[in-house]
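Just below is one structure, and these are the notes that go with it.
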Amino acid sequence: MLGFLARRLALAALTVLAVVTITFALVHLAPGEPMLGNAERMRADSATIARQRARFGLDRPIATQFAFYLANLARGELGESFVRHRPVALVLGEALPNTLLLGAVALAASFLLGVAIGSVQAARRGTWVDGVLSIGSLACYSTPSFWLGLVLLLVFGQQLGWLPVAGMTDPAAPEHVGPLGRALDVLRHLLLPAATLALVNAGAIARFERGALVDALGAEFVRTARAKGLSPAAVLVKHAGRSALAPVLTLAGLSVPALLTGSVLVESVFGWPGMGRVTYEAIFARDYNVVTAAAMIAGILVALGSLLADLAVARADPRQRPDA
Amino acid sequence: MTGSATPATPATPPGREARVPLLELRDLRVTFPVAGGVARAVDGLDLLVEAGETVGLVGESGCGKSVTALAILRLVGPDGHIAHGSSVRLEGRDLLALPGKEMRAVRGNHVALVFQEPLSALNPVLRIGAQIAEAVRAHESVTRATARWRAIEMLTMVGLPEAERRARQYPHQLSGGMRQRVMIAMALVCRPKLLIADEPTTALDVTIQAEILELLAELQRKLGMAVLLITHNLGLVAETTQRVAVMYGGQIVEEAATEALFARAAHPYTEGLLAAVPRLDEPRERLRVIPGQVPPATSWPAGCRFHPRCPYAWERCRTEAPPLLEAAPGHRARCWLVEEPARRTRADAPPGEKP
Amino acid sequence: MSPWRLAWRRLRVNRAAVAGGVLAGLIALATIAAPLLAPADPLAQPDPVGLQNLPPGAGHLLGTDGFSRDVLSRTLYGARVSLAVGLLAALLAVLVGGGVGFAAGLSRPAVDRLLMRGVDVALALPRVFLLLAVFALWEGVPLAAVILLIAGTGWFESSRLVRAHVRSLRDSDFVAAARALGAGRAGVARHLLPHVGATLIVCATLDIGNIILLEAGLSYLGLGVQPPTPTWGNMILEGKDLLFAAPWIALAPGLALLFTVVAFNLLGDGLRDALDPRRAR
Amino acid sequence: MTGPLLDVRELATHFTRRAGLFGTRTETVRAVNGVSFTIGRHDTLGLVGESGCGKTTLARTILRLVERTAGEVRFDGQDLFALGPAALRRMRRRMQIVFQDPYASLNPRMTIGRAVREGLEIHELARGDAADRRVVELLDEVGLGADAVTRYPHEFSGGQRQRAVVARALAVDPDFIACDEPVSALDVSVAAQVLNLLADLQARRGLSYLFVSHDLAVVRHVAPRVAVMYLGRFVEVGPAAEIYERPKHPYTQALLSAVPVPDPKTRRARIILAGDPPSPVHPPPGCPFQPRCHHPLKDATCTAVRPELRELAADHRVACHKAD
Amino acid sequence: MRFPPLLALTLLAACAGGSDSPSAGTAGGTLVIVVPGDGDVLLPPVTTTATGALVSDRIFPRLAELTLALNTVDDAGYTPVLARRWEHLDATTLLFRLDPRARWQDGRPVTADDVVFTFEVYRDTLVNSPLRPNLEGIAAVTREDSLTVAFHFRRAYPEQLYDATYHLRVLPKHLLDSIPRGRLASSPFGRHPVGSGPFRFVRWRPNSDIVLAADSGYFLGRPRLDRLIWRITPDIATAVSMLITGEADAMEVIPQREEIERALRAPALRLVPYPSPFLAGILFNLRGPRGAGAHPVFGDRDTRRAVAMAVDRATIVSSVFGQYGEVPIGAASPMQWIAERGAGQLPYDPVRAARTLEERGWRDADGDGLRERGGVPLRFTLLVPTTSRPRQRAAVLAQAQLRTVGVDMRIQPVEFTLFERRSADGDFDALFFSRTLDPSPASLLQFWSSAGIGSNNAGGYGSPGFDSLVLAAIAAPSRAAASPLWRRALERLNDDAPAIFVYSPRNHAAMHRRFEHVTIRPDNWLATVAEWSVAAGLRLPRDRVGGDR
């Protein structure tokens, strides 16, 4: 088990190093200047720019810069944002929990929803219910998230007025509402963006769950369970469902990149103060340090997702436990 | 023996007419939709099993014997369809007419199944103790702890050492023989009246097979249940059953007391089968073979289903489907030879075999 | 009957797959025939004041956009880029992925492990993030480069699938038999290629939908193919600002996108079922 | 030419495999662990054993489909493991193999004709029309019609496929065929057809067989000499009549006693073995069979010293300290 | 909460009279402003974002403020803020007397030292304030006594007061002195500023919101509103939705016609029009590649004029902005006082444009509908920043119009920083610029004079005649004297057509109807926000939270 973890962590570290290297090369080799970021009001002369470049070490050869960057990274320093004039760790540290909240809720919701839909489909396979849900989940899966987000915003935010259209909290709300009130406020703001991400992802999970369940329902142990006299629900949930869990968990773990991608689009539609937006803005502003660090965090999250999926699979399927 | 052409009802052992048989199958028909049409996997099958006896159901792959086992418990769905007019009676109760809930009360409780491949028949992600306890709780309102205790007791009974520890293990952590013991424990934990064992030892090595057979015999003695043993292995049938039914083409083609059948097979298929098996006890230079292949279940031949492969077949066999005919008391065969025994003219030479 | 024809038979009776195939075919046909079908020049701006943002009606079946351009014509022409990117990138991705996977599957363990470790790492790269960075940082990336980049970052999954497939087949009895007959590596490869081909066809079909979505997402962020050339992504982008005022501008390409992706997914699912070796027995 | 056709000496084949899903341990499977025997021309050696005893690995190692760990295999005097690629390829013409599963041993995407033709082409035995004619001849020899040439494996039954597999092996006109459980997957009536076919071919072509099976009755039927294998080693080798009538090794005895005989009149006492066969990863010390041995004389020697094969009767050798 | 429009108006009228003087009883209200981007740092000299400037401007006041008339030349156009009075000692010295009541929000008085310190910060190259170039006219700032500072100018000119007050927002020396100048932007102070203005900093949640509260100790009187909240929402459609649902109250400008119309349908919203400081157009590069020689197309004045005449600016404005935009008269934005009617750009005349092009040798020889000369096609590439939808829309419209006279204009959307870089390097054929102009027309000099070549005059237009006209106008002592000079300068520019001035939006701030006393100064739309209020009867729950906490 420990050996397995060590190997996986080594692989994850390798991945993160690759991400950092590629991103670093990408942003530093690209045309454009970070020091001109948001320069509409900035009328700096070339000497000033040169001094700024020197201050951030941008005048040195790229290999040297990379060596410095890695050295700093090893000390846990991510550098400073050129645009926000703040340590990158702070900039991303504030945004990351928000994205994690959104992503985790969306992941959990999409998992539950996807498994539920897939289960109903598998239980009613071949019927019109299956057909309708099939088309529905395929349509969800095939819908661009930005588009779905706008539609949900229009319907539930603007037309029906049930939910706030943007932001993570209501900054104008009274501050004496207490922790519960604040949590409810966040929840209300969370619903639409999380639903957007969850619906798209749930489409994928439902399709997968249905397939895994139909396979499992054809397995001999399901026949055994039925021969024991179990009810169809018990057979579906306890026997087929349990054994279909592992592949679906894997898929859920692997959907971390998709959620990260979705967060870039969805966060800007719903004004969610998360990492996707910070990253997107940083790319355009050529805020090198933020871009590289964000890529690194994304890489860590992706690696973590697949690691957690593996652990969850080992939990769900005793055959796949390392000590089995 | 008369040459009566009237279809015989399933054999009822003499002296038991008054009693309701444990299991009675009448005109069982099961169909499956397939790409090329409809497969008639079981096609008019009659079979009786009395309480406490061991009956063998023998046949080669594709003859419909496993489908029969599943059909008894209405487990052929969702693809399989049990035709209207079929009847499956357990102690007189028509199982095919039962509502779903009552049918579930029969499964595992009155009639239990043991399958061929214990590794795939056990749920890989559940502990074996839980899988057995689940069977108890499905039929009896007992506490979780009681069900668990019953499971461990049953595991001990099937000879699993360290039952308590094993109950916490998963199927993949057991050997093949142990897995099959678990399957048997699971089937018997509710003390069923009938155990249907579908090729229970085929996936096992011969030494393990011997263990399991001993175990089954012992448990049958202890628990007094009837066993329907489904197998392709004639040796197994000979050693363990009292009565045998041979299946071919979705039907019973011969049925008799075990000794009678092995002593003198009435149906040419049974005869061919016995001759084709390499024998440990009496080595032969050359095996007799049944020529050709089993026809697909979508298109059984007209007349006798075995006639294209039968060395004795004559015109009548090609056109008229024979019913089960009584060749001797308690010995029936689905063959016109029963009526026209003179036609069983065959030299020592095996039937026309392709080079 | 050959396995391909069998697969074709199975595909033909799969209603969802047939619907997907027909839809995909119609979309492809409409794309090719866009100059014949489109009622107007997709770039023409007959009257950007008087005829702008017209709702769907007799003159313009799907209305006009903010420039008075015909939305139907633009949607038809927009399919060209979306489909070209989807088809070409998917094709390229599965060819590269298939090649690497095939090579890894047949290579010595050391080479195989090296290739697959590389793919493991690559799979964990945040793909969209990197594409975003490239398209944002380099201006005016040409279409060919867009296709190459999407394909170049999208072949890892298929290489893993193919490698796993090759591995499983490599240990099969028929390969052992071929080796016993004296077949060398090329001979074994010849045995395996048709099997891998089936995997690749399924991969590619399912990939098309994903890539079309990806391209739309990038276009939506203002990257990728540039105006006035219509693509579904940049049409949605243009229409997005007017989503509330003139919803048809974004709705038309959005639905076209949805239908296309659904069509290719249905077809891909059907192909997978039809080509499944487990069903080939 | 003198000498045996096949001469196997102290052959051992071990596999290293990664254990557990995550492959953090490695373990060595001693599938074949020091086996010697010979097969003459027009001769058959039957090899029986239960699953996992190494019999299939042995068959594959002899054909060099698997690389050996130790020992040597001489075919017609030539050291098989000393051959270069070209020489090995020439040698393959003379040795062929028939597998257990006729479904798996034919490429489902290749016609029967192409499968049979493959060997002809590789060894340039025939081309063009001549090859076509030869394929039809071969198919005819195994009892398949000429129409099989253009058909695919899935269109045939198991028995027919096994005939096609035999035709493929015959195409290169071999001297020796390793038959690895050739009829285990077939129904009784069909198995008899294939067994008869193999016997006919041997008679007609003067072939030699290594006939591997778990079914003692089948082996008795086809082989004048039989070897019993347990945990990677031969425990008993000798003439069939000797072994079946007077088994010396307790394992052979148990094996024979366990086979059900299709005759209700003969009831014999089965010897029930204790426990399961040990894993070939951790073979027990001393005699590999001792943990399950029921021999009344079993003692400390059995658990300490591994018995070698010793000749107890003419050509009848047994690896047991206590056998007599 | 929404109001029926009639009721809202009535209430508005009813309350308008009574609440003139802010007192504790009538104070209240929360203004939620939706903005597209987050701020960077809340420190006026170093912020480079619009949000950073808008927020920090509320915390850090100037010495004096322009009145709504935006008369930059006349000293009477200013109202006192931190400086109670000012006087010209001589032609190059301006003396400010600070208001003794002015206090920093930590209680310390605002002193002359703070002003001197402020000037040093703005001028320091290490600080690298974007506003530094605007202070070149000021030689030094000196402390006369604790409440008096003197500004020393290099030359005598009419806009000295403007330069001394407009660009500088006074900073607290006692809080900033210890911070190295190069680190000012990244100092914690920039995230938790302490100023001397009407609003205090409360909270900043990155990418989410920034909250300011009324400072009850503000020496010029507590603002009527309790709180100002900026909500950061990058998506314009979402932002407008927030206005409609009432999640936000105000937005500086809605950039597209369709969105404006959508907002107008919301009964609780009204639009407050104000002249735009904004000007956008197509700038031609007159220089050849790498600044050498003349541009093959735009080096020729007649060709430029022809291209300009081929673009139907009125149609573009109608299409993109409808009634919410206008065609500028030239290089001045509508906000600037020199932008009075009379002067005008070249007319839209495609026939004349085509004729001119023919005369200059640009003919369609190969019949593809596009002109060429000597085998060289009449083709150029227009850079448009990806961030601006209106510019992209206008470019696509212009592209189609130019095609009809045989000019092949290719649009290349480029990411904003790259756009800036290529603009600065002169690496373009043409680009779609957009500028927020200062109230003072003097800023025209840097964009169009020969002296500006190499910095802000990206197109390389240089005309001695224009230069001398502008210099004379800047030196003119009054608007009346300067006006004809400016007019001639603008006409000169239009005749030479170094650019096509395509649009100025007619800005409309979106505003919830419950706010009253709303006036908007075009150069800084929240300049008077301290005077805005919400009548007690119209208050929403969020208006009753209370201000000074």
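The chains carry the letters A, B, C, D and E, assigned in the order they are written, with residues numbered from 1 in each.
Convention: a residue touches a chain if its C-beta (ideal position, glycine included) is under 8 Å from a C-beta of that chain, and two chains touch if they have at least 3 such contacts.
Computed from a predicted model, the values in this text were never measured in an experiment.
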Minimal step count in the chain contact network, subunit B to subunit E: 2
Chain labels contacting subunit A and also subunit D: B, C
Chain pair with more C-beta contacts, C-E versus A-E: A-E
Centre-to-centre distance between subunit C and subunit A (centres being mean Cα positions), rounded to whole Å: 23
Subunit D-subunit E separation of Cα centroids, rounded to whole Å: 90
Intercentroid distance (Cα basis), subunit B paired with subunit A, Å: 54
Geometric centre distance via CA averages, subunit D-subunit B, whole Å: 32
In subunit C, residues with contacts to at least two other chains: 136-137, 139, 240, 243-244
Residues of subunit D touching at least two other chains: none
Shared-contact residues (touching 2 or more other chains) in subunit E: 237, 241, 415, 418
Contact footprint of subunit A on subunit C as seen in their complex: 16, 117, 120-122, 124-130, 132-134, 136-139, 209, 213, 216-217, 220-221, 236, 240, 243-244, 250, 254, 257-258, 261-262, 265-266
List of subunit D residues in touch with subunit B within their complex: 50-51, 143, 157, 159-160, 187-193, 195-196, 199-200, 214-218, 220-221, 240, 244, 254-267, 270-273, 276-277
Subunit D partner contacts - residues on subunit C that touch it in the complex: 1-3, 6, 172-174, 176-184, 187, 191, 194-195, 277, 280-281
Interface residues, subunit A side, partner subunit C - complex: 11-12, 14-15, 18-19, 22-23, 26-27, 30-32, 134-135, 138-139, 141-147, 150, 154, 158, 257, 260-261, 264-265, 279-280, 283-284, 286, 291, 294-295, 298-299, 302-303, 306
Subunit A residues touching subunit E - in the complex, by the definition given at the top: 31-34, 36-45, 47-48, 51-52, 55, 80, 83-86, 91, 94-95, 150, 153-154, 157-158, 161, 164-175, 268-271, 273-274, 277-278, 281, 284-286
